[in-house]
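Going by the order they are written in, the chains are A, B, C, D and E; count residues from 1 in each one.
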Amino acid sequence: MAAVTFPKTSTASVIDLEDVSIGYGRDAPPVLVDVNLSVERGSFVAIVGPSGVGKSTLLRVVAGLHSARGGGVTIHQDQRPGHRPVGLVFQDSRLLPWRRVIRNVEFGLEGLPVSRDERRSRAEAALKLVRLDGYARRWPYELSGGQRQRIGIARAMAVDPDILLMDEPFGALDAITRHNLQDELRRIHQETGKTVLFVTHDLEEAVHLADRIIVLGGTPARVVRDVRNSAGRDGSVFRDQVEQLRSEIADNYSI
Amino acid sequence: MAAVTFPKTSTASVIDLEDVSIGYGRDAPPVLVDVNLSVERGSFVAIVGPSGVGKSTLLRVVAGLHSARGGGVTIHQDQRPGHRPVGLVFQDSRLLPWRRVIRNVEFGLEGLPVSRDERRSRAEAALKLVRLDGYARRWPYELSGGQRQRIGIARAMAVDPDILLMDEPFGALDAITRHNLQDELRRIHQETGKTVLFVTHDLEEAVHLADRIIVLGGTPARVVRDVRNSAGRDGSVFRDQVEQLRSEIADNYSI
Amino acid sequence: RAADPVKLEIGYIPILAASPLFIVDGQGWAKDAGIELKLTRFESGPHAIQAMAAGKIDLLYAGVAPVLVARTKGVDISVIANSAVEEMVVAARGPFAKAMGATPTAESFKKFAADTGRKPKIGTQPPGSVPDTVLKHWLFKVVKVDPADVELVPMGIEKTQQALLAGALDAATIREPTVTVTQQMDPNVALLATGAQMFPDQPGTVVAARAEVLKKNPDAIKALVKAHIRAVDLIAKDPAGSAKIVNNYLGKGLMEPATLEAAFKGPGSKFVADPHKVVPAVEQMMAYTKEIGSATETVPVAEAFDFSFYDAAAK
Amino acid sequence: MKTYNKIALSALGVIVFLLAWEAVARSGVVPARLLPSPSAVPAAFLTEFKSGIWQAMVLASLSHYLVGLSLGTFLGVSFGTAAALWGKWDAFQAWVVRMLRPIPAIAWIPFAIIWFGVSEGAASFLISLTVFWINYYASYAAVRGVDKDLIELGYAFGQGGLIPRLFKIILPGALPGILSGVRAGLGQGWMTVVAAELFGISGLGMRMMEASGLLATHIVVLYMVTIALLYGVSDFLFMQVQSRVLSWQR
Amino acid sequence: MKTYNKIALSALGVIVFLLAWEAVARSGVVPARLLPSPSAVPAAFLTEFKSGIWQAMVLASLSHYLVGLSLGTFLGVSFGTAAALWGKWDAFQAWVVRMLRPIPAIAWIPFAIIWFGVSEGAASFLISLTVFWINYYASYAAVRGVDKDLIELGYAFGQGGLIPRLFKIILPGALPGILSGVRAGLGQGWMTVVAAELFGISGLGMRMMEASGLLATHIVVLYMVTIALLYGVSDFLFMQVQSRVLSWQR
């Protein structure tokens, strides 16, 4: 679980993947190969690609949860007291069933040098952010799908990480809630300079939020496209960008 | 688990909800109230509404998995041999972890008067439909999020139901896979005349697929809008319809 | 004999006093008399009595005490012959054995308690059993020990010797063949009192039968008692030969026949087949049991005995 | 189901059971001297209670039981969890455990005597042994079955170290299984109390053996009922606590 | 961990255990007559084997064990599952179970004798009893813990009837917990074999008690080791089967 290096020096790139290949099991063919990716500090990177291409797998490797088969994974991020360097939103919401909502949100704060009161107030703030402040005392099973997903977002936000890894965080949300949270995320990103790695299926969302978009494709998958993006929220530049991505993905659609 | 009536007579409406109110627990306030809904045979109805409004709950009541607190729920559907009257795609994929993919897809066919070979071939066809024919022998934990969701769709398709209840079935899918499956679903709907009840967060998807759109909103939630929809796939009618729905939902957005 | 053999199930406890039964079976005397024996072994008297009360066992080689108790509880069984008397002895080990010397006295008990700062622990079986009664008789009637100077620990038969050898007990009431075995294993184990010293004519193992069986197969029982008498005689005449036969039933592969022979010749082995001879001792013991409060009523002892089979067989 | 319905059903169950027992005892199918009817129990209780024996025996056994139970449960859960967590330790101890596991309480008695003498400690030791094994296996399986995804979640949020992983993920996740072992041990402990008092340690078990030797079956049954009540109450309380602890389970 | 690493570690564990035992036996900490050294076992085995006693006893006990184990496991899983499934039945039997549960094997012996006589059946009955309880509680908890969402899934796909629900959802879902109970019962059965052969039924237990009564401790230890091996092999095989059956568990 610790094939990731955390060097002390702070450089411009926060995440460095060099010739990384990733696979499950010993003998199975690799899922991802030749991944070279260097993410600048403070950038907002979206990852898109067909279902099953390896987006979640890539995120898990960056988070240090899965070791790469080959190549080098480096995270340049110091540990600030009271924060976790990395916060992860899972594709499945993955709440601890034996903790009430508020305690699930506090989970990542435990073990940090943070007082009990601060922990609680940060968790409450995160709950408010995802508009679930009335649900603090519920059990996870008493939530709707979208509510569960938002608790997962709140949990990652509560640790106030420098690197935010999000695996389709808004997938189960209705348009309005989604827009609200997109706006919040954009605001937080701009105000705090967090680095965000964001997996999404919604190309509009990718173009709308990210300043860089990575397209994965092929079997085994590799980075087939890496675009700088500065299309605004609407207008023809935006449309063009989305359409271009769509065809890009379609060309490399194989899974 | 059986508060749903299945009368023998076959009328134009397949699902009839009269003054239904629904809640969890004994004393908690109801989630849905005054739901009056009658779904015509062969129609394609989309249900939209904010996260946590009660869409999944409504589907569970129609499927007979949760009893309504009050009012009448009637399903007018005969049992055809070799088919289930109702097929349900869950919001979470809900696969049986101890069955391989193919056996998960076969699940609903067991107990039907269908030979072992036919069962297998129908399951394989359903797997092919969701483009996962190479994954038959995998365990559920070896799948990506979108793959799991597609197995859930295949399972519901395999029983060839007359009423298809789908709870955000394409939520975790990339644009292309999603479009492919949307087309498949539309084709199946048109060819077989299945009745489809479809929960989605994607208003474009709703307008694109459904011929009727139900908007839920408010606390406790009720049907705030019930629109016939015949906007095509693109063009200004389509856009207008989507925009109108968006504002409709925003007006009744309270959760 | 034209008739089918009579089938009899006999229960026993694996002690030396059951030897006549082993000889009867081993020599084929029962078969000769047209009886088919099935021997069933029990670890303790109570289980055997329970099996008998449930009608699963016809005859039983067991201590006289459980048989009498069973009668008071309405189990219709009678003693038809005796097997052995004066079985229990008191064996001691370690410092306690040394402190007691050749003749234990009340003073030596007191002195041991004073010297070591603890009461000697003596293992025996639960109250109401023969070992407990005769031990108490020896302690409080014969040696006249102050009850405050000893601690009696009731436990199962074979736990007693394990605890003795492990040093958890200072002394214990044991019987053959474990007396011999224990002494062979640990030469420091000394006999403090013989059965006769503990309680003169100390009653021991008897042969008991269910009344129903007695009624149904009087001839077979008579023949069996006859064989039993013959076996008792054989043990006295030929302990070595008997030991070989008995070894097949008792400790086969676990000890040598020589050990059994030594046990037959030791002070803890006295076989008496005549039930008449034990009645007075049993009566005395019953009286004493009541005196020390282990039993609430005295059992009419003579009624528990059915001498007719022995008398007929011994003629 | 409503709570009072449950209580009524339970009471009904006990009544049916007692009536069946009384009927069997009276019918003579089972010899009365082997199975006294339940109506004989109150009288037996009064005698034993007045003489003070009942209280003394209950207290003595209760103390063996509690010590043995806590020790066996604690060690069983600890060793079971440890074996499930560390593959190397598991492999190392697997066959040693297989050799020690089937040794019955009776065979441990000599060791109990050697290590503890004829003392309360020996009885507690024997009780803790059986309780230990049940908890060992239950915990082992429960810890093995903890959702790997949740462990991954722990690593993702800095709770991957041994202590937080153990206390925040593994033990809570394994709790239902562990508690089922504890519950089974609760009863197994009482089953062993009797065997553990067979060698001179006073308590319910010893009194029962004494009474059984004298065929005083009504006394035996009295103590059986006593054990049943003691166990019944503790099991009931345990279930109450468990249903609170596991209230997240639906 | 590689398989051969595992095997090496296990072998190491057993060797360390045997050496420690030999050391204790030789050191005299424990009187030699109470604990023979393991090196005395082969000689004892030869004697017993040549006389044919060993084979006879092993076969006899094995048959009691197998019958008791299968019966106890089957009934325990059945009753535990039933109680977990039907609230009414659960409430009805809850307190009756609480009364019967703590009754030790020894106290059941009279009933075993009454119902089965002094026979193999009685021994199997006693073994099945302890095995029953362990499986009862393990199954109860396991069935209770089955994911309610999966049961709902069953209803949604026409598998809500008792039979399909039970065999397609509940039992597979509860399987890890049930198997942990079966495994614990596997050992508990051997622990009870000895107690079950205390009253005239021949087998390992009886032979051990006989030897123990005559202080032939090397024979006692021989049979302990025999039981350990029999159990060890069956537990090992069980684990192999289990890891195949639960291969979906990651």
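Keep this in mind: a contact is a pair of C-beta atoms (placed from the backbone, for glycine too) under 8 Å apart; a residue touches a chain by one contact, two chains touch by 3 or more.
This is a predicted model, so every value here is computed, not measured.
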(message) Give me the set of chains touching chain A intersected with the set touching chain E.
(response) B, D
(request) If every step must land on a chain the current one touches, say how few steps get you from chain B to chain C. (result) 2
(request) Select the chain at the greatest separation from chain B, using centres from the mean of Cα atoms. (result) C
(message) Give me the two chains with the most inter-chain contact pairs.
(response) D-E
(message) Distance between chain C and chain D based on Cα centroids, please, to the nearest Å.
(response) 37
(request) State, to the nearest whole Å, the distance from the C-alpha centre of chain B to the C-alpha centre of chain E. (result) 49
(request) Indicate the whole-number Å distance between the mean C-alpha point of chain A and the mean C-alpha point of chain C. (result) 83
(message) Could you pull out the residues of chain E that touch at least 2 other chains?
(response) 31, 34, 110, 114, 209, 212, 249-250
(request) Give me the residues of chain C that touch two or more other chains. (result) 50, 54, 162, 166-167
(message) Touching at least two other chains at once: which residues of chain A meet that condition?
(response) 92
(request) State which pairs of chains touch, listing all of them. (result) A-B, A-D, B-E, C-D, C-E, D-E
(message) Can you tell me which positions in chain E touch chain C when the two form their complex?
(response) 31, 33-34, 47-48, 51, 53, 109-110, 113-114, 117-118, 198-200, 202, 206, 209-216, 219
(message) With touch defined as at the start, can you tell me which chain B residues reach chain A in the complex?
(response) 24, 48-52, 56-57, 91-92, 142-147, 150, 167-168, 171-178, 201-203, 246, 249-250, 253
(message) So in the complex, the part of chain C that touches chain D is made up of which residues?
(response) 44-46, 49-50, 53-54, 66, 69-70, 73-75, 121, 123, 125-129, 153-156, 159, 162-163, 166-169, 295
(request) Please give the residue numbers of chain A that touch chain D in the complex, ascending. (result) 1, 60, 63-65, 84, 86-88, 90, 92, 94, 96-99, 107-108, 110-112, 139-141, 155, 159
(request) Going by the contact rule at the top, pick out the chain D residues touching chain E in the complex. (result) 1, 5-7, 9-14, 16-17, 30-31, 34-35, 87-88, 91-96, 98-107, 110-111, 114, 130, 133-134, 137-138, 140-142, 144-145, 148, 176-177, 179-181, 183-184, 187-188, 190-195, 205, 208, 220, 224-225, 227-228, 230-232, 235-236, 249-250
